[in-house]
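Next come two complexes, and both contain subunit A; in the first it sits with subunit B, in the second with subunit C.
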Partner chain A sequence: MKKFHLGGKDFESRLIMGTGKFSSVEVMIEAIKASGAELVTVALRRFNRERPADDLLGPLTRLGITLVPNTSGARNAAEAVRAAQLGRELSGSPFVKVEIHPNPHHLMPDPIETYEACRELAKDGFIVLPYMPADPVLAKRLEDVGCAAVMPLGSAIGTGQGLSTAEMVKLIIADSGIPVIVDAGLRAPSEAAAAMEMGCSAVLVNSAIAAAGNPPAMAAAFSAAVKAGFSARVAGLMSRCDHAVATSPLTSFLAGA
Partner chain B sequence: MKIILNGHSQDFKGAETLGQLLKDLDIVPERVAVMVNDRIIPKAGRSEFGLNEGDRIEVLTFIGGG
Partner chain C sequence: MPGMLPPYLDPTPWLPLTRTATSADVSRALHAAQPGEVEFATLLSPAAGAQLEALAIRARELTRRHFGQTLTLYIPLYLSDYCSGGCVYCGFAADRPQSRRRLERDEMMREMDALKAMGFEEVLLLTGERTPQADLGYLRDAVAEAAQRFSAVTIEAFPMASEEYRVLAEAGAIGVTIYQETYEPVQYEQMHRWGPKRDYDNRLGAPARVLEGGMRTVGMGTLLGLSDPRFDSLCLYRHAMQLRRRYWQSGVSLSFPRVCPQEGGYSPPFPVDDRTLAQIIFAFRICMPDVPLVLSTREAPDFRDGMAGVGINKMSIASRTTVGGYQGAIESPDGQFHVNDDRDIETFCAMLKGKGLEPVFKNWDKVYRE
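Then we have the complex of A and B:
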């Protein structure tokens, strides 16, 4: 499979995994292994002396994957930039997922603050991956300020409503010179395959794996779906047709019998 | 000496440097990011970084997130 080129680096896997909502660190680690993900998102929080086992840096470092700290919790560009700098200091990774969602009810990304944060972080040498509304105009503006990819939402975070933004994501892909990664809202592996068939370069999945009955098995299912969708895209899907086109010959040798 | 650690005011005796404070708290320095008064203190500069009364210190770590 063609390598996934992102931020000047090559990856085998086109499935990026989030690490939230898992029932335990052990289940999360098994799911990451089963997913084959090489890029994994993490969040920053205040150190909690009562719960040292929550610290994921050690277990994730041992997996040899690339960490993508997010800026979750930031309500504006200045907070996101600060969170990104702290994430880089801790992870040693130049990747950052910019997410600025001021309203906890819908968690929709703030396009203005996201744009400002991305502009500043790209100038500072980060490999910037913005979580963004599925807006083709904003996607182009984010590309122009130096983002390494754009990550439009499929639907609201954690809802499992699937690719409700499919038509907008198609417009983003058609116009984009950088990878498009659907992030948020996916529930089923078939939706991940659909995103890849559409031309996405990768997908980011968290809740659909973490909240599955068997997270490692679901991670493997998403991995297979992403590979299938990408292979189908490369193979070239047939054109749609408004009328039936026979696959068997319609010669009339039976008519005269 | 009073230090505001992760939003809570606490009294730390003998913690003259950031390195000493982290040690007193049993924190592995490589596992955390640290800000003092909104300034990020890189890992290399922590052991000698002097603390003052009323400093606001944030100690942060990675947890699960999407």
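Then we have the complex of A and C:
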């Protein structure tokens, strides 16, 4: 399978995992291992250097994966930039997932503050991955300021509503010069496969795995689905046709047909 | 003159449903795509009470969806039990013949260090109603001290002006809890016999002023037992929804304190039993799926264990409600309320783990302060 190139590094896996909502650190670690994910995002607010039992950074560091600290909790660009800088300092990772959701209830990303934070962080040398509304114009603006990828939402965080933004994501993919990663809202592995078939470079999954009956098994299922979807994309899907194609074409009477 | 329940909180149009909803109404409300007052009132009805297990299943599903398999922990720190209020139901009321004290700075620091050593990262600082001993300046100093140690500092004190809340936000507080106690104006007046807390309207406006003052979250609730719980819950629901719409960059959380019957010599006029309390919590969870719902150690272990992750996603544990309680001051009957769950952190966390819930101590970071 073609490697996933992001921020100057190559990855085998195109499944990125989130680390919230798990019933225990042990289950989270098992799920990450089963997913084969090499990129894992973790909220800075869950770093706890003073109480190892409550800390997510330590166990993730020991896994040897590439950490993507995220700024979840930030309400504006200034807070996100501070969080990103602290995240880099503590984790040693140049990657950052910019999450700015001022409304704490639906957690929809703020396009204006996200743009400002990304511009600043890209200048500061971060490998910037913005969680963003599925807006094709914003995606290009974020590419222009130096983001390494864009991460449009499939639907609101944690809702499991699937790829409700599919038409917008297709427009983003069509225009994008950087990887497009669907982030948030996926519920079933089939939706991850659909995102990959559509042309996404990777998908990020958290709740669908953490809230599954058996998180490691669901992580493995997502991994297989992402691989299948990507392989299908590379293989070339047949085009869709909204009417049956006759076996005796209407033009068979024409000379040279 | 009693205060006035403003029209935007008036539950009258929906109150009949809390009595007359049918079991078919309940089934519809359980899975409504956009639940509102109708669904909320329906879920408070006796018909919904008869389907409590179905409510619990839906509440657990939504709690898991929004908060995962986690439960956030916090600890209250009583700074002062001076009070200018005359609440008939409260152990700290100003006319109770008890000695009063407040934590001085060195004691405050020792208490905070003790809580920090226990592993807590979110502390709720409490005082009574405004007094010269525990005023804004005192609180500001306490917040600044706590902000040096804890990721998240919140306050439960007296109603303030928005500029005063701003002072505390700038000192490092991220949230304020203020309960209306009851939205029923006449009942409110009877419960609050004198002092500044008698001012219903001032208290009612406090949550908006909290958010106006720059706090990130406001914690709200009614003291269950003081008035018709269905009336109060509907008002609380409407109040929380109104604040969410108006202050869209802020969060609301809800708590469910209740006056336990036959306790502390006070019998509440509208006692709320366990089933009713659970039903109220489930109704809030189903109609406000993404709002943090909090349960304190006022409640007994069995009830808390049953509600953990099933509607409730945040709890205190190892709480002391006596000033100086973490530094060995004896937990006296003079505490603000009786702690019914006196388990230690390890025992409580083991219970959570056994239920497949991860206890979360740190869910915030100082970096998000200005």
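Just so we're on the same page, the second predicted complex is superposed on the first by the 237 of 257 C-alpha atoms of A that agree within 3 Å, B and C clash if a C-alpha of one lies under 4 Å from a C-alpha of the other, contacts with A are read in each partner's own complex, and residues count from 1 in each chain.
As a working rule, a contact is a pair of C-beta atoms (placed from the backbone, for glycine too) under 8 Å apart; a residue touches a chain by one contact, two chains touch by 3 or more.
Because the structure is a prediction, the values reported are computed rather than measured.
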Query - subunit B versus subunit C as contact partner of A:T41, first or second or both or neither - result: first
Query raised in the report: In the superposed arrangement, which partner chain does A:E89 touch: subunit B (first), subunit C (second), both, or neither?
Result: first
Query raised in the report: Thinking of the overlay built on chain A, is A:A174 touched by subunit B (first), by subunit C (second), by both, or by neither?
Result: neither
Report task. With the two complexes superposed on chain A, say which partner A:S207 touches: subunit B (first), subunit C (second), both, or neither. Result -> both
Requested in this report: Applying the touch criterion given at the start, work out whether A:L60 contacts subunit B, subunit C, both or neither, answering first, second, both or neither.
Outcome: first
Requested in this report: Check whether A:V137 is in contact with subunit B, with subunit C, with both or with neither, and answer first, second, both or neither.
Outcome: neither
Query raised in the report: So, A:S23: does it touch subunit B (first), subunit C (second), both, or neither?
Result: second
Query raised in the report: Does the superposition put A:V234 against subunit B (first), subunit C (second), both, or neither?
Result: neither
Report task. Name the contact category of A:N70: first (subunit B only), second (subunit C only), both, or neither. Result -> first
Query raised in the report: So which bits of subunit A does subunit B touch that subunit C touches too?
Result: 20-22, 44-48, 54-55, 82, 86, 207
Report task. Spell out the part of subunit B that touches subunit A in their complex, as residue ranges. Result -> 6-7, 25-27, 31-33, 35, 38, 40, 42-43, 58-66
Query raised in the report: How about subunit A: which of its residues touch subunit B in the complex?
Result: 18-22, 28, 41-49, 54-58, 60, 67, 69-70, 72, 82, 85-87, 89-91, 157, 184, 204, 206-207
Report summary line: In the complex, subunit C touches subunit A at residues 64-70, 116, 119, 121, 151, 216-217, 244, 248-251, 290-291, 353, 356-365, 367-368
Query - Partner subunit C, residues of subunit A touching it in the complex - result: 20-25, 44-48, 50-51, 53-55, 73-75, 79, 82-83, 86, 102-107, 158-160, 207, 210-211
